[in-house]
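Okay, so chain A shows up in both of these, paired with chain B first and chain C after.
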Partner chain A sequence: MYEIRFHGRGGQGAVMAAQSLADAAVRSGFHAQAFPYFGAERRGAPVQAYARIDTKKVRTKSQVYNPDLLVIMDESLSELADIAAGLKPDGRVVMNTTKRPEEVDLGKGVDAVCGTVDASALALEVLKMPVVNTSMLGALARVWDVVPLESIVEAIEDRFGEKLGTRAGILNGEAARTAYDSTIIGRTLGRKEYGKLAEWAPAWNEIPIGNSLRSETRDGVAVGPASSSQNLTGRWKWSTPRYDREKCIRCLRCWWSCPDSAVIRLDDDYMRWDMDHCKGCGICADICPVNAIEMVQGAHTW
Partner chain B sequence: MVVRTITGDAAVAYAAMLARAEVVPGFPITPQTVIIEQITEFINDGIMDADFIPAESEHSVMSVAVGASAGGVRTFTATSSQGLALMYEMLFAAAPSRLPVVMAVANRSLGAASGIWTEHNDSQPVRESGWLQVYVEDNQEALDMTIQAFRIAEDHRVMLPIMVCLDGFILSHVVEGVDIPEQSLVDSFLPKFVPVNVLDPKDPFMINPVTPPEFATEMRYQQDRAVEGSKLVIAEVDEQYAAVTGRRYGGLFEEYRMEDAEIALVGAGTWTGIAREAVDQLRAEGKKAGLIKLRFMRPFPGEELKRATAGLKGLGVFDRSAAFNGYGPVFTETRNALYGSSVPITDHVAGIGGRDITVDVVREMYDIVERNASGEKVRECTWHGLRGEQR
Partner chain C sequence: MNRMSSMKDVPREDMLIHGHGACPGCGYAATAKNIAKMLGPNTVVYVPASCLVVFGALYPISSWKIPYFFTAFENTGAVTAGIKAALRRRGVDATVVGMAGDGGTFDIGLQALSGAAERNEDVIYVCLDNEAYMNTGIQRSSATPFGAWTTTTPVGQVVKGNRYFKKDIARIVADHNVPYVATLSVAHFTDFVRKVQKAKETKGFRFLHCLTPCIPGWRIEPSKGVSINRLAVDTGMWTLYEVVNGVPKVTYKPKTIVPVTEYLKLQGRFKHMSEEDILTLQGWLCEKWRAHYGEEPGSPPCPVPVHEEVLAHDGDPLYGI
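Here is the complex of A and B:
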């Protein structure tokens, strides 16, 4: 049985990629399954998706811990955490990056066959959109030849065609083919030491009664469930709100509406932005009655 | 001390007043309504200092109760049947949030075929909601246990909500002489509520935020241990209550004429009083009959029952509802607890939808238990008074 783990960010299409790979495997005579990590889905948040491919029925339903193949759709994820953890000794890697494989470092001991492709640029060029999933599938076929490119393109054309229209299906198939051709094969570096992330794994009698988490505690805010101070949602953003204090009528609507509490109310009822946690969703700009907030492309820290 | 001749519902209302409940959300439903009505009268008369909050449904009643309790105040409410069913979702918010709400449940048949009469099929199905559950036998116990319930629920070793279940009509609408303790006596027994978590805008924190799989197992296990741990507190509180009122109930269950008993029945609710009569008659006839009055369904006294029944030749279980697995819920739990015990055990369903239970019906149960004890083949589960042949 082959196990594949996809790492991406919400909105990049990791789940569609895993499903299309499973679809392609079934088309070429395999048994397969694909599923996401089940959780709240938020645009920009790190996500995982999994696929399994076998010559007989896939019975297991657990997540993938020891992948044969790792698909990294967003390079920045490998800076945050040891995402190659559990990769089999002869496991392979496909990565969306401008680097060559020899420059890719996924942590000490990870000396793996690796294919790199600048899927972001390629997707923008072919699809006119920064959605890299289909390009990554093309690159995957180059690195790992179990499921042939033709089945992958067929699955992409069908699945994306059905969802987004025939033309989009064909374009996405095209993106896969182009990525296949431009993928560079090599081996990863395997030198980096990952620091250990602070974690909170309380025993049952260490959890506060009523599962209550207080703001002054490390467990409540820094690392416990639903905590956010360590989780810099501000790193997800593709666009940034710009606040015009002159226009602001201090109605407080943006302050109420921000889902990440990134709009901070000052003593005089004007606002300040916490850019470490503003994820760029645009809700504040949308709700402002006097257009005092404008969304600007790109991640800024003004 | 005053003895008043009052209904079970009124007894519960007196208890809520004496316990100084501070917030009482409510929605009327027979046969509980009298409890809430009586409380609103106490408030109106200026003898009870509480906020009564009329809600638009029982779901909202329990939501208000959860909010009030999380706000750090002593909270009481009451319901029955469909009302309890409508609260279902919020029951599961109160317990894991460890909020010591006290709620009286005047047991009433739930769902179709619609009936207003008593049956335990409203409270039995929610015994897995994380609430503690006590069933009472008479109006005095309804009052005493409502007071005790606050003490048990609010103990920091427990911090769990609790239902005080009283049979609808048979208690809720029957008058009996009830000793109503002095306020000062109740005050000495029941200290002021000291909450563990108090929601306060000046000190914001979360109770039960989204709990991912990494934490949920531990949190549930903690809840499970809290329910089990309440056994100790229930026994302590029974003693402390006896010390001030002279009334002792035995904690998880009470044993009646069990010393040398050979056959016995176990069951909860008003049935117990009728069963006491049956036991006395059988004893007078020279039969070694005994009775275990089951008081708490949660925590379920599994190990304790196994010990108490170890020497018996036969045991029967009374169920006032069906679990539709061929047996009633009390039987399912009891037989599970007695696994490995050699005591032969039978189930006895009776009193469904308020059908009257007489001493003769209970004697019929003892008869089956006795025959089972002597090795005769009997039905594992008997529906008493059923017309038509039981299959």
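Here is the complex of A and C:
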């Protein structure tokens, strides 16, 4: 039995990728299953999806703990946690990154065949939107030859075609083929060590009466009111606002409309952007009456 | 205490701070942030099950700077009333606000809301209306507009999308004879500021109904998360008014009615809609416009109504004699 684990962010299509792979496997004569990890449904959150492929009926229904193949759709996930945990000794990795396989570091103990592809750029080029699932499936076919590319493209065209229209299906198939051709195959050797996961999980007798917490630090984690500023949600963005102070008329609309309080109103009513928390949604650029804000492709920290 | 009348007067300090986990471009977060900011530090916030629970505070990490409380889905009215009673008993004078979603207000929380409104509890009830159960993955609520796709009103061969019209919750609450009811849109900021300020200084039960766009649920571009509210008001899908002690007053009226297609075409949840369905929705909107603003909407998109002579009792002149 082959087990595949997809790591992505909400909105990248990890679930559709797992389903399409299972579909493709069935088309090639295998039995397969695919399902997501259940969590809150929102964009940008780390998500997982799983697929199992076997020559006989798949009876296991659990999550995948020891994958044969790891598909990493967002590079920054590997900085947050040890996502390669449980990878089998002869396992393989497909990763969406601009790096070469030798430069990829998934933590000590990982020594695996690795394919890298710049799926984000590729998806923007072919699909005109940063949804990388189909490109990653193309790269997957190159790294791992159990399910052939033709079945995958067929499954993508059918699944996406049915849901989003024939043209979208063909475009997504195209994205998979392009990614197949531009994947670089090499070997990754993990070096870095992940620290103990910074998470304060209290036992029942440690929970304060009434469950209320003060603003404090426990085991290196800020807890209580206003502790979320430690979450650097700025890592989610794929486009960055650029602010032109000369054009600004200080109407405050961007400051008012920013859902993430990432636009900081200075004492003189000009603005400053908090790039650690800006998610790059583009509301500020959309609402600006004088076009003093423009969205620039990519994550920048100016 | 300074009175806020425009965006310039709103304080810089946030009560719902950055680092929360809402989707990029979340209208829900933008609205909640601004209401919390205006209510200030002397506030207790209660949130039932909704997106705001998931992105605002997951124990032990919280985005709120103010005391925050969370229990079950259906009891926003009851819990806020209880918090207020406890504070009164302790001699603390603080604003108590409950921020529920549309599911927690229109459907599940309706009885507790009605009870609190009937007793005229001294709390602010904010309904952040994103027109479906978005947190659990886009299921229909009674706030979902006609024709919209959700996972429980799918687009099939015969029935395409939601078949029911949106419930007018603000009117239901206003009919409880509460001191203050208002509808808000985060894109109409001056109107927004004035209404929240009014709610803040009123005593008794106050109800604020806010339209909050949902990026994945409405299938819209993240950058449209606030500006789409302008179109919602211009097309009549959303109307801005307040009811002070039972007296309704329109606070903002668009110059002319914009065809509803302008609003629909930006949203993936409406893209399947047939000509016939759009006409039905447009007709409903025209009726709403007439009833709400008390004047004829422009034609097109609204047909001029034909006033047929109503013959009572099928034209029988001797009826009732």
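Operating definition for what follows: the second predicted complex is superposed on the first by the 198 of 302 C-alpha atoms of A that agree within 3 Å, B and C clash if a C-alpha of one lies under 4 Å from a C-alpha of the other, contacts with A are read in each partner's own complex, and residues count from 1 in each chain.
Convention: a contact is a pair of C-beta atoms (placed from the backbone, for glycine too) under 8 Å apart; a residue touches a chain by one contact, two chains touch by 3 or more.
Here the structure is a predicted model, which is why all the values come from computation and not from measurement.
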Worksheet item: Between chain B (first) and chain C (second), which, if any, makes contact with A:124: first, second, both or neither?
Response: neither
Worksheet item: First (chain B), second (chain C), both or neither: which does A:214 touch?
Response: first
Item to complete: Using the touch definition from the top, say if A:205 reaches chain B (first), chain C (second), both or neither.
Response: first
Worksheet item: Regarding the shared-chain residue A:168, is it in contact with chain B (first), chain C (second), both, or neither?
Response: neither
Worksheet item: More residues of chain A in touch with chain C or with chain B?
Response: C
Item to complete: Using the superposition on chain A described above, determine whether A:281 touches chain B (first), chain C (second), both, or neither.
Response: second
Worksheet item: Do chain B and chain C touch any of the same residues on chain A, and if so, which?
Response: 40, 202, 211-213, 224-226
Response to the item:
The chain A residues in contact with chain B across the complex are 39-40, 201-207, 209-215, 220, 224-226
Worksheet item: In their complex, what parts of chain C are in touch with chain A?
Response: 7-8, 10, 12, 14, 16-30, 33-34, 51, 54-55, 57, 59-68, 134-138, 186-187, 189, 215-216, 221-227
Worksheet item: In the complex of these two chains, what residues of chain B are touching chain A?
Response: 96-99, 159, 196-197, 203-212, 214-215, 217-219, 221-222, 225
Worksheet item: Given the complex with chain C, which residues does chain A contribute to the contact?
Response: 10-11, 40-45, 200, 202, 211-213, 218, 221-233, 236-237, 252-253, 256-262, 265, 269, 274, 277, 279-283, 285-287, 295
